[in-house]
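Have a look at this one.
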Amino acid sequence: MTNNTKWGVVAEFDSAASIYHAAEKVTHHGYTRVDAHTPFPVHGLDRALRQGPSPLGWIVVCCGATGICLAQLMMWWMNGHDYVFWVSGKTPYAWPSTIPITFECMVLLSGFGAVFGMFGLNRLPRLHHPIFRHSTIWRATDDRFFLSIEATDPKFDSRETVRFLESIGGKHVEIVEE
Amino acid sequence: MTATAHMTAPSLQQLAPTIVPKVKDGDLATAQLGALVLGAALIGGAWATGGERFYFSYLVGYMGVLGICLGALFFTMVQHITRAGWGICVRRLAENIMGALPLMALLFVPIYVGFDHLFHHWVHPDPNDHLVAGKSAWLNKNFFVARIVIYFAIWIAMAFFFRRASLQQDENGDPAVSLRLSRVAAPGLLLFALSVTFAAFDWIMSLDPHWFSTIFGLTYFAGAYMAFFAFTILMAKWLGKRGYLRGAITVEHYHDLGKLMFAFVVFWTYTNFSQYMLIWYANLPEETRWFADRAEGGWGAIGTLLVFGHFFIPFGFLMSRHVKRNGVTLSIGAILLLVVHCFDMQFLILPTAGSHEQGPAEHGAGHVANAAEAVETGIARFTHDFGTYLHGVHWADFGCFVGLFFVLVGATLWNVRRANLVPLRDPRLAEALHFQNF
Amino acid sequence: MTAILVVDEPENPLRRAALVEGKNDFASVTNIIAGVAEKRTPKGWYLMFGCAIALLLNLGAMIGYLVFNGIGVWGNNIPVGWGWPIVNFVFWIGIGHAGTLISAILFLFRQKWRTSINRASEAMTIFAVMAAGIFPAIHVGRIWVIYWVFPLPNQMSLWPNFKSPLLWDVFAVSTYFTISALFWFVGLIPDLATFRDRAMKAGRTVAAKAYGVFAFGWHGSNRHWIHYEKAYLILAALSTPLVLSVHSIVSFDFAVSLLPGWHTTIFPPYFVAGAIFSGFGMVITLMVPARQWLGLHELITLNHLDNIAKILLLTGTMVGYAYGMEFFIAWYSGVEYEQFCFINRATGPYWWAYWIMVTCNVVSPQFFWIRSIRRNPMALFVISIFVNIGMWFERFVITVSSLNRDFMPSSWGYFSPTLIDVLTYVGSFGLFFTFFLLFCRFLPILAISEVKGVMPEANPHHGGHHGASNGGHH
């Protein structure tokens, strides 16, 4: 196998503490294209891996603002402009009565933004991922913690990286193919 | 499950020896005195210049500042009942704020003096007014005064009980104190809810004895609790500047206080919208009258101001995590909310101060053709109404609020200087000191 | 310093009680929860599922009968134009509030104990909202033109009336259903990945494929977790006002009217408190047997039940506060119609419904002042049944007792349900339980990844490395 078809190296760790320390060492050693694979979010691991915060909040704010505008436009246009009707002694467009639906539309679109934005940022759903070739990766959703270094990392070297991961306590260190 | 353990809580000395446990002797005394003198001077000035209007102005300030003390009592009890760990150090500050409740009882005297004037709608009712006559079992002077005594007895007793037990724990480090307080807090909250509701009915809602709203107690509480968070943030920040509470109330705690302040901005809006929308929608004259009064005499502008100042602006401003974690921006938010809290109290209280002999509102709900025109007329109306408001408002309507605010600052400092700054041996102190937001 | 005797361990203020009891580690937590879905289907499940399906078929039959014959088959008639259907709607939508409360509000308040009950409660929410949605839909009479409630262009070039609170309901309930379902699904993804990986390992290819499709290729990447946790936080922050808004809007259906007993400003928060109360009641009703039968004692501990009981006590008392305020203000208002309405509630033809409501909702949770009752699953279960009954009667009292006395005494009437009313209501339980039993059988009924996340060994700074005293790794 040539270097081109390698996706990266994956190592197994057996506790939240050990993956945390391993992540610190790996990034400290200069690796940048690293990721962890854990059964639950490990507190502080994003800092250890030097991964930035999520921009999802901005997506949601934009979606929420869109929801407010669309709802207001809809109610004003439908009841106050296109087919004006006077009912229950209120003006055709009466702002207090538009608040509930405006709020619901804001929440609905924000929720879509949060969920689909999260999927988009995570590039999910996907049918396959190279990491599934690792022999014990199935335990990443059970009780084991994995660290991966991708082959595209400038510091990546199949032999050196494997040895490094073993030296910091990784088990089942395997080269995973694309 | 009933394993017993012989344990005492670790002390602050063991957990964080760098935190100053107590205000140095004599320190902050000038500030305390200054706040009290300034407060007294403002109230005195208002009294000297306000005439009969003074009582209404004073009620505005009083209800605003009393709400902060009651918020402190509520916060303390909620901390105990939920066995919260994050807010142990904030709780001591709240205990010091609610320690001002006996003083607040004393400061009720001007309202008692102005009683006939404030509540003249039901003290001297129109003899043909059968509605007010029907309420005389509740709205009569003797029972009213008895209720004042009951409310303050409840509040002072609870504040005294919770604060004293907490201070005792500083000495003995007994974890069982926390357990006991968390149990007492449950019936305490029940008493609190009932007493605050009826106090709001009595002291604000009954100013207009014809009007009624079942949610009114909750709307008062929502604004008051928000003001408590604003006050606490400012007090803690100021004490931090003077070198106290550093390391005890950290950015993480301010972030949480900011979140709670934000939450009660929203909750205030929720309760007020519920009240307004339901009354507006059903359009029953006995209920809409109250809002009609608040559309006249320039009060419409204050209503608009509250919608923006008490909701849209703080909502947008405080939403960001960075704003809540930055001392300057959070303090700006807190000051803004205290100012609008004063406007809120004015809006509830002052429109009943004037006479009711005005004609109907001149601006009916006209049908506006397009949005630009609506905005333009809206702005024009706001400017006009705000001018009317400024014409009618007295400086004392703000002066009393500010004066009582400083009296509360002074009283809080009085307590702060005498007690330990943090609960030294609360069993969850370590949790509070190491607390981090997610 | 004297040493002090602290009472019992779960309430010891010096340390937090363990959320997972027994000698459990991550693997055993996975085993317990996944085991429920992987074991052979117990016979009892088939029995219950059969009953639920029978009731569901009955619901279908009742709806069919209704659609063919019209609304006249129900007891609704002037003056009581809103009878059981609206009562059932509010009853179910109220139950559907606890799930989102637990997953969103308790999340924002950092109540970690929520992790072992949130999944099932969210599922309960979704199924309850489905059951709720049926009633207003079939109540429109001509269900084939139900699309008129949506702002769609139609042949009459008419738009919906956005000033109608019933239309607000359409938006509120459909938004609530959508967001709750998304919230639930997002929470499920990591656990579905666990199921997928276990099925794959055990060679159950079909199951692995089925779970795999819905797991979306999740592999626990930390970059994914960052966005995921943010999305979860945002959904919680959105759902919190959403859950308040939905029942507030349901209360607006009543409260915007002029009707005494309906038009009162406390209705929105009062309905929300009642909804949370009834939802937690139903959580207890479902979780106490599930905990027993599925062997989840170490994950759903007595401390969890204790906490739920406290919330029942709190919300039950809040509901009592609202009953009290309504009565006080009815008197204080001086409006004779208001006064009559409330006296009529307590002493009129529906006095029995009123007193069932007060007994079940305000009196029965007061037993939870006693700690030993809060920690007794059997007692909890019994009281939760009373809560469910009481909250149904609350909606019955509000709807029927306000309507049966019109402003004109000549229009007074007495409402009686028909057999169709009763069977439709009973059938809605079939819908609810069919879905809930399917959920219990095939999906992770506890949030596996979240339960692991609140175990002490999930903290990377927990007790040095492993093998420490807290008994995680053996």
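First chain written, first letter: the chains are A, B and C, and each begins at residue 1.
Operating definition for what follows: contacts are C-beta pairs under 8 Å (C-beta built on N, C-alpha and C of every residue); 3 or more make two chains touch, one makes a residue touch a chain.
Because the structure is predicted, anything quoted here is derived from the model rather than measured.
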Pairwise touch network: line, ring, star, complete, or other: complete
Centre-most chain [mean C-alpha coordinates]: C
Chain separated most widely from subunit A, comparing mean CA positions: B
Most extensive contact between chains (C-beta pair count): A-C
Between subunit A and subunit B, centroid-to-centroid distance (C-alpha), Å: 41
Between subunit B and subunit C, centroid-to-centroid distance (C-alpha), Å: 34
Rounded Å distance, subunit A centre to subunit C centre (Cα mean): 29
Touching two or more other chains - residue numbers and ranges from subunit B: 277, 281, 438
Multi-partner residues of subunit C (at least 2 other chains): 229, 241, 252
Two or more partner chains touched - positions in subunit A: 43, 88, 90, 97
Residue numbers on subunit B that touch subunit A, as the complex places them: 273, 276-277, 280-281, 283, 365, 367, 371, 438
Complex interface listing, subunit C residues touching subunit A: 25-27, 30, 151, 157-163, 165, 167-168, 171-172, 175, 178-179, 182-183, 185-186, 190, 193-194, 196-198, 200-201, 216-231, 234-235, 238, 241-242, 245, 249, 252, 448-450, 452-453, 457-462, 464-466, 473
Residues on subunit C engaged by subunit B in the complex (per definition of touch): 1-14, 109-110, 229, 233, 241, 244, 248, 252, 255-258, 263-269, 302, 313, 317, 321-322, 325-326, 329, 332-335, 369
Subunit A - residues contacting subunit B, complex: 43, 76, 88-92, 96-97, 99
Touching residues on subunit B, where the partner in the complex is subunit C: 1-9, 82-83, 86, 130-132, 134-135, 138, 172-176, 178-179, 182, 186, 190, 193-194, 197, 201, 210, 212-218, 266, 270-271, 274-275, 277-279, 281-282, 284, 286, 427-428, 438
